[in-house]
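Below is one structure. I have some questions about it.
Just so it is clear, A, B, C, D, E and F label the chains in written order, and each chain counts residues from 1 on its own.
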Amino acid sequence: MRLLIVNPNISEDVTRLIEAEARRTAAVSTDIFMATASFGVAYIETRFEALIAAYAVACAAGERAGSFDAMVVAAFGDPGLAGLKEVLDVPVIGMTEAALMSACMLGTRFSIVAISSRITAWYRETVVANGLESRLASIRHLSSPLRGVGSVQQDHADELLALCRRVVLEDGADVIILAGAPLAGLARAVADHLPVPVVDGVSSAVRHAESLVTLGVRPAVLGSFCAPPVKSRAALPASIDSLLMRAQARKP
Amino acid sequence: MRLLIVNPNISEDVTRLIEAEARRTAAVSTDIFMATASFGVAYIETRFEALIAAYAVACAAGERAGSFDAMVVAAFGDPGLAGLKEVLDVPVIGMTEAALMSACMLGTRFSIVAISSRITAWYRETVVANGLESRLASIRHLSSPLRGVGSVQQDHADELLALCRRVVLEDGADVIILAGAPLAGLARAVADHLPVPVVDGVSSAVRHAESLVTLGVRPAVLGSFCAPPVKSRAALPASIDSLLMRAQARKP
Amino acid sequence: MRLLIVNPNISEDVTRLIEAEARRTAAVSTDIFMATASFGVAYIETRFEALIAAYAVACAAGERAGSFDAMVVAAFGDPGLAGLKEVLDVPVIGMTEAALMSACMLGTRFSIVAISSRITAWYRETVVANGLESRLASIRHLSSPLRGVGSVQQDHADELLALCRRVVLEDGADVIILAGAPLAGLARAVADHLPVPVVDGVSSAVRHAESLVTLGVRPAVLGSFCAPPVKSRAALPASIDSLLMRAQARKP
Amino acid sequence: MRLLIVNPNISEDVTRLIEAEARRTAAVSTDIFMATASFGVAYIETRFEALIAAYAVACAAGERAGSFDAMVVAAFGDPGLAGLKEVLDVPVIGMTEAALMSACMLGTRFSIVAISSRITAWYRETVVANGLESRLASIRHLSSPLRGVGSVQQDHADELLALCRRVVLEDGADVIILAGAPLAGLARAVADHLPVPVVDGVSSAVRHAESLVTLGVRPAVLGSFCAPPVKSRAALPASIDSLLMRAQARKP
Amino acid sequence: MRLLIVNPNISEDVTRLIEAEARRTAAVSTDIFMATASFGVAYIETRFEALIAAYAVACAAGERAGSFDAMVVAAFGDPGLAGLKEVLDVPVIGMTEAALMSACMLGTRFSIVAISSRITAWYRETVVANGLESRLASIRHLSSPLRGVGSVQQDHADELLALCRRVVLEDGADVIILAGAPLAGLARAVADHLPVPVVDGVSSAVRHAESLVTLGVRPAVLGSFCAPPVKSRAALPASIDSLLMRAQARKP
Amino acid sequence: MRLLIVNPNISEDVTRLIEAEARRTAAVSTDIFMATASFGVAYIETRFEALIAAYAVACAAGERAGSFDAMVVAAFGDPGLAGLKEVLDVPVIGMTEAALMSACMLGTRFSIVAISSRITAWYRETVVANGLESRLASIRHLSSPLRGVGSVQQDHADELLALCRRVVLEDGADVIILAGAPLAGLARAVADHLPVPVVDGVSSAVRHAESLVTLGVRPAVLGSFCAPPVKSRAALPASIDSLLMRAQARKP
C-alpha cells in the first residue's frame, strides 16, 4: 500500500523525525510518501495556526490525490482531519486520534505530555472532539521555551521523563501519550524507563492506517462522511478543487 | 462602532439577506461593513466546506484588519471562529454561538431547524463544541432539495413553519433556532405564528457584538486566546500574515 | 424600554452598587427601575437563603407587574429566575446566566471569583443547571470574612486581583467572571490590570435584557415556559396571585 | 421516631392519599405527622409553582421545627429540599430523590410516568439536578386533562398501566417510577400487573427517612449543607426566622 | 425476613466485622446469614480480583438459593452485583451502591476514603458504572501498607480521620463514604468526630435491603434484569446451574 | 507472533466462525491459537452470563499462560477483559473495544447491530464503560428468535441488511458495527451492499493486537493495570492461580 504522511507544519526537520519513526513501524509492503506543508508555521500550538494548517494539509492532499491508499495527518490536534475524511475515499488517520485509540486499548485513563503550555488548550479540545474527555487523566507540558522544534527530545530529555512519571504517580494515568510531531519516536526510546505503556502518535497512525486498508473498509456514500454535495464554487486552488471533484465523482 | 460581517459562503444573495437583517437590528451608531468570501462554495454543509470557509474568513478578516471594532462570522457552524478570536483584538462573534446564547436565555432546551439533512451533523458538532449538547432538544431539517440558496425562505415557507411546530410539540423545545445564513431574517417574519420564542443567528450576533464592545472587554494577553507565539512561518498570503503580525504586536 | 432590576438581597447599599453599574451600561433610551427585596437576608450564600430570595423576587416582580419591558434578577445564583420566565411575558435575565453567556463568547473556559467559601457550592450548582459545567475552569473565593457586603471591593481589592491572576495562570481560565452583586462594577475598574477578559454580571444582564427586547422575541404560549395552567390556589399574597392571573390571561 | 410529611400542594385529598401510603409503609414505631401547605396551588406542575411551594414547605417546617426526627417533602420535584437540608438538623428526604434512589437499586435505567405533559420538564430538571440523567430511559405522561387531582388513579387507571408497559417495551426501562403525590400508593396496587419493579415516591421516602434516622447520621457542621452563616435579615415570617436561628444555634 | 450477606473476600475476620455492623443495624425481625467466599483473595483491590470474587459470590448465592429474602454483596466495588440481580428473584444490594444512595440523600457531593492506593481505580469505575461521577468530589486513600485487613481501623485510625477532614476542607465533600468491608462499622465510631455525615456501606446495604423487601417490589419478568433466556450450557458448577434454572423457572 | 483467541461462549461452531475471520485478517507471520470456553453458555446475552464467561476466559488464559504474545477476548461485551489486562504482560484486546476503536477512526457516530433484544443492555453498558456513549447513534437488533447461533448470518441475512440501512438513514450513523461473535465475518461479505463503512469485531481485534505487539508497548509495573498486589489467596483453580503468580513475578 501507498501511505501518504503529511506534516502540517512547515518544518522539514520535524518531517524527518516523523518519517524515521514511520519507517521503523511500517510493514515492508508499505510505501511511505512524505509531504510537508508548503505554507504555514514552524509548529502548530494554537487554533489559528491549526486553521492555516488544515488548509495546507488539504492542499497537500489535493496535489497528490489518487496516488495513495491511506493518509496520515501528522500533527497532534489533527488539523483538517474530519474534512479530509469526507473528500477522500481512502482511510485518513490523525496523529491524535491514532494515539487516543491505542491508549484506550492499553488502560482506562491516559495522560498527555506536551511540548508547551500554549499547546494544551488545543489538545484538550481535540480530546473533547473525540468524545474521550472522561478518560483524560491530565495534560502536562514542558515549562521552558523550546530552543528548536527539531531538537526538543534531546534538549528536554530529563523534563520529559519527569513529566511522564508525574502523570502516573500524581494524576493516575494508566497510559502516557507523548504528544506532538516533534516528539515522534521518543516513546520507543524511553519505554524501558517508564512504568506504564507509552504511546507514540506517528507509529500508532501508521499501524491504524495499514489496518483500515487491510480490513478493506469502504468509503461512505451516505451519511455525514460521504462526499460534499455538488454546488457552485469559485476561486479555489486546483488542489482543493480536485478533492471536491474526485469526491463527487464517487457518489453512487 | 464599525462592525465587519463576513459571509463565509461565496453567495452574494445570501450576503444581502444577512445585511438586511443586520441593518434591521443594529444600533444607529453601528456602521456595518459586509464582506463575502472571495473563494469557497455557495453554502457550507460539510466539514470540508467549513475548512475552506475558515481559511476564506481569515483572509477576509486579514484584508480588513484594523478597520473594524467587532466582527461577525455569518455562517452557522462558525467556521474559523475560535482561531480568529486568538488573532483579533476586537470581539469576534459567530452566528451559531450567538444564537445559542440568545436561546439559552429564553428557555432550557432549544431545537435547531436547518435547511438540509447533510448540514445537521456539522451543526450538532458545533453545539457539542460549545458544550451545550445537554440543552439541545433536536435538530430538524428540510427534506426536499434547495432550488436556490437565496430563496429558501420563500420556496420552503410551509415546511419551515411545520418543522418549527414539530420541535415544540414532539421534541420539547422551549426555543427554536432558525439556523443558517439563508434563513437570516425569517425569525422576525414568523415569530407571530409560532408558540415559542424564535432566534435568528444574524441579529443575535449583531447585538452580542455590540454588547461586547459596549461592555469594553479587553483582549487576552495570556491564556489560550492571546496571540499565537512568534515563530518562523512561510508562504502565507499577506492577509493571514498581517493577522499574525498584528496579533503578536499587541503582546505585553 | 423600562427595565426592572431586582436585588434579591435586602441590602440597600448593594442595590446602589448594582444601579450604578447598570446606569453606566444601559442605553440612553432605557429607563431603569430598582427594587430591593422587602424581606430576606443581607446577601445570599446558601440554598436556603436562595429559596427565600426566590420568593422575595417573585413578590417584587408581582408588585410591579405590567410596568416594565424586561427584568433582571440581580444576584448571582439567579434565585427564582426559571419560575419568573414562566409567568412574565417580558424577558427576564439572571445575573449568572448573563455572565455565563458573555463569558462563553469570550473564551472556551471561564473561572468564577466569589466573595466567600460558602457561596461556591451554590454557584457551582447554578453553572450545572445552565449545562455549562464542562466550560467551568474553577471557582475561587476570598478567604477572609467580609467586613461588610457593601465594601467588599475596597476591603479585599488585592486578594480579588490575586485570585483573578491565579485562575488564569493555575486553572487555565480564558475569561474571569467576578461573581456576586457586591462586586458589581469591579470588572470595569480592574479590566486594565488583568490579562484576560473580565465579565460583570450586572452589565451583562442589562445588555442582554436590552438585546432580547430589541430582537422582539415573543413570550411562549406552549412548551415548558408558557404560563402555568389554571388551577385552584389559596392564600397567596396579591403580588404572587397577580403574576399567575396575568400569565394565564395571555394564554392563547 | 416522629416523621413529618409535608404536602407542598394545598390539596387535602392528596394529603390523605400520601398519608394512607405512608401509614401502609411506616414502621410501628414511627409516628407520622401530616402537614399541608397553607398557601399555594392544587398541584405543582411548573417551576413557578415549585418556587411558591418551596417557600410554603419551609414555612410548614419552621412552624413545626423541633417536633420531628425526620421530614419528607411529599411532592415530586422536591420543592425546597436542598435548602431545608441546610437548616434542619434531622434528615429531610424528597419524594423524587427517594424514588430515584430506590429505582437505582432495582435496575440500570428507569422511566418516569407522570400525570401531565406540563409537569415533565420540571421532573426532567429534577433528575438532572440529582445527576442521574444518564439512567433516565424516558418520561411519559397522561395525555388527557385531569378531572381532579384526588381521583387521578381511578380516572386514568388504564392509560397509566398502558404507559407503564410502553416504557418497558419501547424505552428500555428496567424500573418504573410512578411520579407525583396524586399517584401515591398506586405502585402497590398495580405491581402484580407490571413486568418490572414499580417504585412509589411516598413509601420510598418514608423508608429512606427511617433508615437515615436508624443509621444515626449526624448533621453537617461544615461544608455546603451546614447552617447558613449568621447575617442581618429582615421581615421574615416567624417560621422561616426560627429555622435560621435554630440552624445557626447548632453551629460548632 | 432472611438476609444473606456474602463477603466476597476469603477473610473470615472481615466477615466478622461485617456481621457485627449488620447486627447493630438490622431490624429485630431480620435473620442474618453470613457467608464467606470459599475461594479467592484476602481482600479485593483490582479488576482481576473482582472477576474472581464475582464468580465466588455467585457460587455462594447459588448454594443458598431459595433460602433468603434479600442478599447483600459485602465488598465495595459490588463484584457480581448486576448479574445476580438478573438471576435472583429477591432484592440484591451492593455495598457501594448502598453507600452511594445513602450519601446522595445527605448532600450533593461525596468523597470516598479507601484503604489503599491500588483500590481507588476500581472504586472510581464503580461510581462511574452507577452514573454518579458528577457527584464524586474525590477519592482519598491510606498511604501506608496494611498490616492486616482485619485491623485496619485500629492500625490507621488517625490517618483515616485526617483523610476524612481533608475531603471536607480541601475537596468540598458534603458527605464521606468510608469504603471497603474492612472499614465496616467505623462510620458509627467516628461520626461524632467528623463535621459532615459519614456513610457506612454495610449498614446502608442492610437497611436498603430491608426497605426493598418491605416495599414489596416484584422481580422483573421483562427488560434487562429478567432471567437470562434458556439456552444450552455446559460444565457449570451445581451452584451456578441452579441459579440459572431457578431464574428461568420464574419466567412468565 | 502467537495470538490466542478465546471464545467465551461454549459454542464450537462460533469458534470456527471466529477462526475463519481471524485467519482472513491475520498477518502471515501470526500464528493463531483458538480456545473455546470449557464451561458456560451457548452465547452470552446477559450480565450474569458475562460473569460466568469472564471466569471461563480467565481459566482459558491461565491454562495457556506464557504461550502467546497477545490475546483476543472474542465475545462482544468483552467479558473479563479489564481484569486480564492486569495479570497478563502481553496485549489483551476485546472484540467490543476493538470494534469501537476502528469505528471511531471511520466516522463521528456509530451504530451497533445486534442479534437479540436482550443483548442490547449489555452492549450499551460496554460502550458506556469505554466512555464512548456520546458517539453511539443507536443499537438495533434482530426481532425474531435465533434458530441457531452458528447460522445467524444465513438465517437472518435480509433483516441484518435492513437494520444496517436503518441505522444510517434513521439514526444518523456514520459507521456500522456488526456486533457479536456469531456475526464474525459478515462485515466483509456485506460491505459492498452498505452505504457506510462496516466494522467487524474479530478482524479489528486481530489487527489491533498485532499492532500493539508491533509497536512494542511494555506492560505496566505501576498504576491501575499493573499486577495485583501479593496477598493470601485460597482454593483457586491452578489456571487462575498461575495468572496471579506470573503477574506478581513481573513486578519490578
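Quick note on the criterion: contacts are C-beta pairs under 8 Å (C-beta built on N, C-alpha and C of every residue); 3 or more make two chains touch, one makes a residue touch a chain.
Everything quoted here is computed from the prediction, not taken from an experiment.
Novice: Would you mind checking the shortest number of contact hops between chain B and chain E?
Specialist: 2
Novice: By CA centroid distance, what chain is farthest from chain B?
Specialist: Centre of mass proxy via C-alpha means gives E as farthest from chain B.
Novice: Determine, using the mean of C-alpha atoms as each chain's centre, which chain is farthest from chain C.
Specialist: It is F.
Novice: Using mean C-alpha positions as chain centres, tell me how far chain A is from chain F in Å, no decimals.
Specialist: 27
Novice: What is the distance, in whole Å, between the centres of chain B and chain D, each centre taken as the mean of its C-alpha atoms?
Specialist: Whole-Å distance between the two chain centres: 44.
Novice: Quick one: report the Å distance separating chain A from chain D, using the average Cα coordinate of each chain.
Specialist: 52
Novice: Which chain C residues reach two or more other chains?
Specialist: Expected reply: 82, 85, 108, 120-121, 125, 128, 134, 172, 174, 223-224.
Novice: Quick one: label the inter-chain contact graph as line, ring, star, complete or other.
Specialist: Shape of the chain contacts: other, as it matches none of the listed patterns.
Novice: Which pairs of chains touch each other?
Specialist: Listed by label, chains in contact pair as A-B, A-C, A-E, A-F, B-C, B-D, B-F, C-D, C-E, D-E, D-F, E-F.
Novice: Which chain D residues qualify as touching chain F in the complex?
Specialist: Residue list for chain D touching chain F: 108, 134, 172, 174.
Novice: Along chain B, where are the residues that touch chain C in the complex?
Specialist: 25, 82, 85, 91, 93, 97-98, 101-102, 104-109, 130-132, 134-135, 168-169, 172-174, 188, 191-192, 194-200, 203-204, 207-208, 211-212, 214-226, 252
Novice: Hey, which residues of chain D end up touching chain C in the complex?
Specialist: Touch residues, chain D against chain C: 10, 38-43, 45-52, 54-55, 58, 80, 82-87, 116, 118, 120-122, 125, 128-129, 223-224, 228-229, 231-236, 240, 243-244, 247.
Novice: Quick check: in the complex, which residue numbers of chain E touch chain A?
Specialist: Touch list, chain E to chain A: 120-121, 125, 128, 133.
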